[in-house]
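By letter and in written order, the chains are A, B, C and D; residue numbering begins at 1 in each of them.
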Amino acid sequence: MKVIDLNCDMGESFGNYKLGLDEEAIKHISSANIACGFHAGDPMVMEKTILLAKENHVGVGAHPGYPDLLGFGRRTVEATKHELTNYIIYQVGALMAFCKACGVKLQHVKTHGKLYSNAWENEDIAKATAEAIAKLDASIIYLVMGGSKGEIALRAGKEMGLKMAREAFPDRAYLPTGALTPRSQPGAVIKDAAVVVERAVRMASEKKVVAIDGTVIDLQIDTICVHGDNPSAVEIVKKIKSELAREGVEIKPMGTFL
Amino acid sequence: MKVIDLNCDMGESFGNYKLGLDEEAIKHISSANIACGFHAGDPMVMEKTILLAKENHVGVGAHPGYPDLLGFGRRTVEATKHELTNYIIYQVGALMAFCKACGVKLQHVKTHGKLYSNAWENEDIAKATAEAIAKLDASIIYLVMGGSKGEIALRAGKEMGLKMAREAFPDRAYLPTGALTPRSQPGAVIKDAAVVVERAVRMASEKKVVAIDGTVIDLQIDTICVHGDNPSAVEIVKKIKSELAREGVEIKPMGTFL
Amino acid sequence: MKVIDLNCDMGESFGNYKLGLDEEAIKHISSANIACGFHAGDPMVMEKTILLAKENHVGVGAHPGYPDLLGFGRRTVEATKHELTNYIIYQVGALMAFCKACGVKLQHVKTHGKLYSNAWENEDIAKATAEAIAKLDASIIYLVMGGSKGEIALRAGKEMGLKMAREAFPDRAYLPTGALTPRSQPGAVIKDAAVVVERAVRMASEKKVVAIDGTVIDLQIDTICVHGDNPSAVEIVKKIKSELAREGVEIKPMGTFL
Amino acid sequence: MKVIDLNCDMGESFGNYKLGLDEEAIKHISSANIACGFHAGDPMVMEKTILLAKENHVGVGAHPGYPDLLGFGRRTVEATKHELTNYIIYQVGALMAFCKACGVKLQHVKTHGKLYSNAWENEDIAKATAEAIAKLDASIIYLVMGGSKGEIALRAGKEMGLKMAREAFPDRAYLPTGALTPRSQPGAVIKDAAVVVERAVRMASEKKVVAIDGTVIDLQIDTICVHGDNPSAVEIVKKIKSELAREGVEIKPMGTFL
């Protein structure tokens, strides 16, 4: 039977600020990427989100980012490879502590925002992430971009002996190279829910995606990235889930099949 | 043979800000209380300080504080017991991650500043600390104030089944009750190095201290708190160490004998 | 003709975190209390909110708070009177700079959260606020709690020669002493929109409020505090505005009539 | 008579962290660049440093930086021109408030760290700074790098109608182009105190500097940047001051002659 993981960013609230419909979205996904307090999240939110994941049998992932709450981790903060390694160890360690306290094992690490996308080009950032994970627990999965853009991170992770997971974005247009269409280009983000669902199903069941020029690309992936920011995003996740079921694709936390 | 631990706050630098003569002081102590990034310390400093401790065969402790870098953890930030528990889990977890990465086991937890002294009166704060430790690893020692002021924390730790360590302050005057003389009173802080050394030796070898009114108090302690902030503080630590040796008191990390 | 001001907390978003329906609420109020970056708000939000107020002919106020984004200014951070004075100067100064850049004059200062309510009992905090304002510009209005609880701040402001404004809370129950009913008591917060509107109108037109035991209290006030957090809060503001118009009470920024 | 200004970064302490020998260095300089709380400095330090400058008849400048205390403003934080403008308005406004409270006029603005050096190449950053100053008070001097590297900022400031000051670095080697020798090259930083003093005097009296290849470069400057971080740096400042006096060059705050 075919199997896929659905991962979603969660635990991005901070203090009095609420972000994301975690309680709704958690019901329809299999893995949660939980912010660790540098770009979003705080100790109360981290614990609450891990418990929410546990209760819903969702795999728990750490989602470390740049130390920049004001920028929500979406902008680069200059840092050496050594600094980044330590920023990641700090954040993942803090989340692992809550996992321990909640009786859950950390399943994976996925970097957030610019720390994620900078690793598409910057080998040091990919290696910093892989080394941080390896130093903490080499059985934690390193979740990276699928397709051509994820190759640097994939190699960095494999060199450190990590288990790797690759992801795809059903709501993003792809270039024929297998990279995401830059957000500056028209059509880069797909808004039509039906199209997003259809792409997600094809990604999961056939491991393929149609690029912006019509080319059909092979996309070796283990998990599909979905969103839970707003009610319509949650609706899409629900539909992806039910369509996958209809296609006979099982949704399971990546840690159960990788 | 008599044995005592010497503990010292360390790793309190932050970014470009350097605080404490850690490289000097580390040579003369047996346990380091390492700041965890909330009131002082950062990921680079945490790793560096753990490695320094490891190299000098010094026990590694976490030194969590209030989330208030501006106040250096020396002022109270209102928080519920649940919030404090989670602030401590977060910080200790981050330090444990660096311990893991550096191949060291976390020996103890000692809270910092107001988080430490508030537990003298506030049972919730003592319990928050004890519960945080128990949730992470019940074999980690909880280091508390010796004498009457430490009783609340001692009880909280024992109820959680933790190993406890009690400390004394040779440079602080004691009231006949066994509490520290408030800093607002004259003579509360002892500046005469010879007197501090003499008191430290008596604390370690006889488990006694002379209170401000001449009363001799029994002080069940496992470790003595020393300082490494400035050259004269380091000189005092050196003298305490050599005098203890002369008196036949062995200095060892608390984790080796508790 | 009778006149009243309607004030509302605004500019409480931060980075990627959005809080409050400022764009909606601004249409129905006459004065905005704008967060200054310590407990909420950031430089982009501050500029945007001042421009929004300017466009809607709403008086601009600074809303300084404790330096605690995680706690949203709703918890006490221990600080000396001198520190608080400087925290307020810093925040109000930053907002005044945006006022200058936007071609607006700062109308008032209202402290936020615990910095506001602590001044009900703590004279040092009231004086810190009054002195900060006086040092910056003695023509800025100091907005304080109306009724008995505001007396300490009122006196502190008058001693510094400041123009004072007093406010009432139509959605909060009052004790016969003129103090707010503590939130811990049932009925402390009034949820029934019609009742809130009715109370607001009576506060504005008669300067009276009915206490929780039925006593009618005189409440000398210049402004009524309303909320814009959610759609139903905005609905209440709209109704207060239209009811006041029907009662012949004019709504104007406090700076125009104080 | 010849005249020059000596400027020095100050007010870089934060909370419990002390940086720089401000009390010593202030006696020998004519203008202070005071940190504003984003990369260094805090409300207590800002007030104290302004009072120190006032007492020593030293011109007060704002020294805004990137919002990154951990990085001390020495690393780039990605931001749009609009964001940078607002970050600068916020910081300069906060410092202006303390100037107001202390009865001092803000003399100049000099950006810190990477915000300073990024403006050597990035016109947006130079314009953001110039626009922020112009929006606050066009009579505030914009202090920029002298020589070729300062041209972008010089032009940006002039376009906004600002008074401009240019500075030189006597302890840094210059390329024949008039740019600083990159720190990565040997000899980039001049350690020999006598040489630094000699260069400072020539910069001030002849407006010339000898480049690393022996070329004599014209350097139109109004102020010389000195350091007060450590005792030997302060010694150099003292010597520069006395040598300038001997050469008949008067040292005055830039605001008095620009």
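Note that in this section contacts are C-beta pairs under 8 Å (C-beta built on N, C-alpha and C of every residue); 3 or more make two chains touch, one makes a residue touch a chain.
What you see is a predicted model, and the numbers here were worked out from it, not measured in a lab.
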Both-way neighbours, i.e. chains that touch subunit C and touch subunit B: A, D
Same or different residue numbers at the subunit A/subunit B copy interface, by half rule: same
Where subunit B and subunit D are represented by their mean Cα positions, the distance between them in whole Å: 42
Distance from the mean Cα position of subunit D to that of subunit A, given in whole angstrom: 44
Sequence positions of subunit D contacting 2 or more other chains: 70-71
Subunit D to subunit B touching residues, read off their complex: 14-17, 19, 40, 42, 69-72, 74
Contact set on subunit B toward subunit A in their complex: 37, 43-44, 46-47, 82-83, 86-87, 89-98, 100-101, 132, 135-137
Contact set on subunit C toward subunit B in their complex: 67-68, 70-71, 75-79, 114
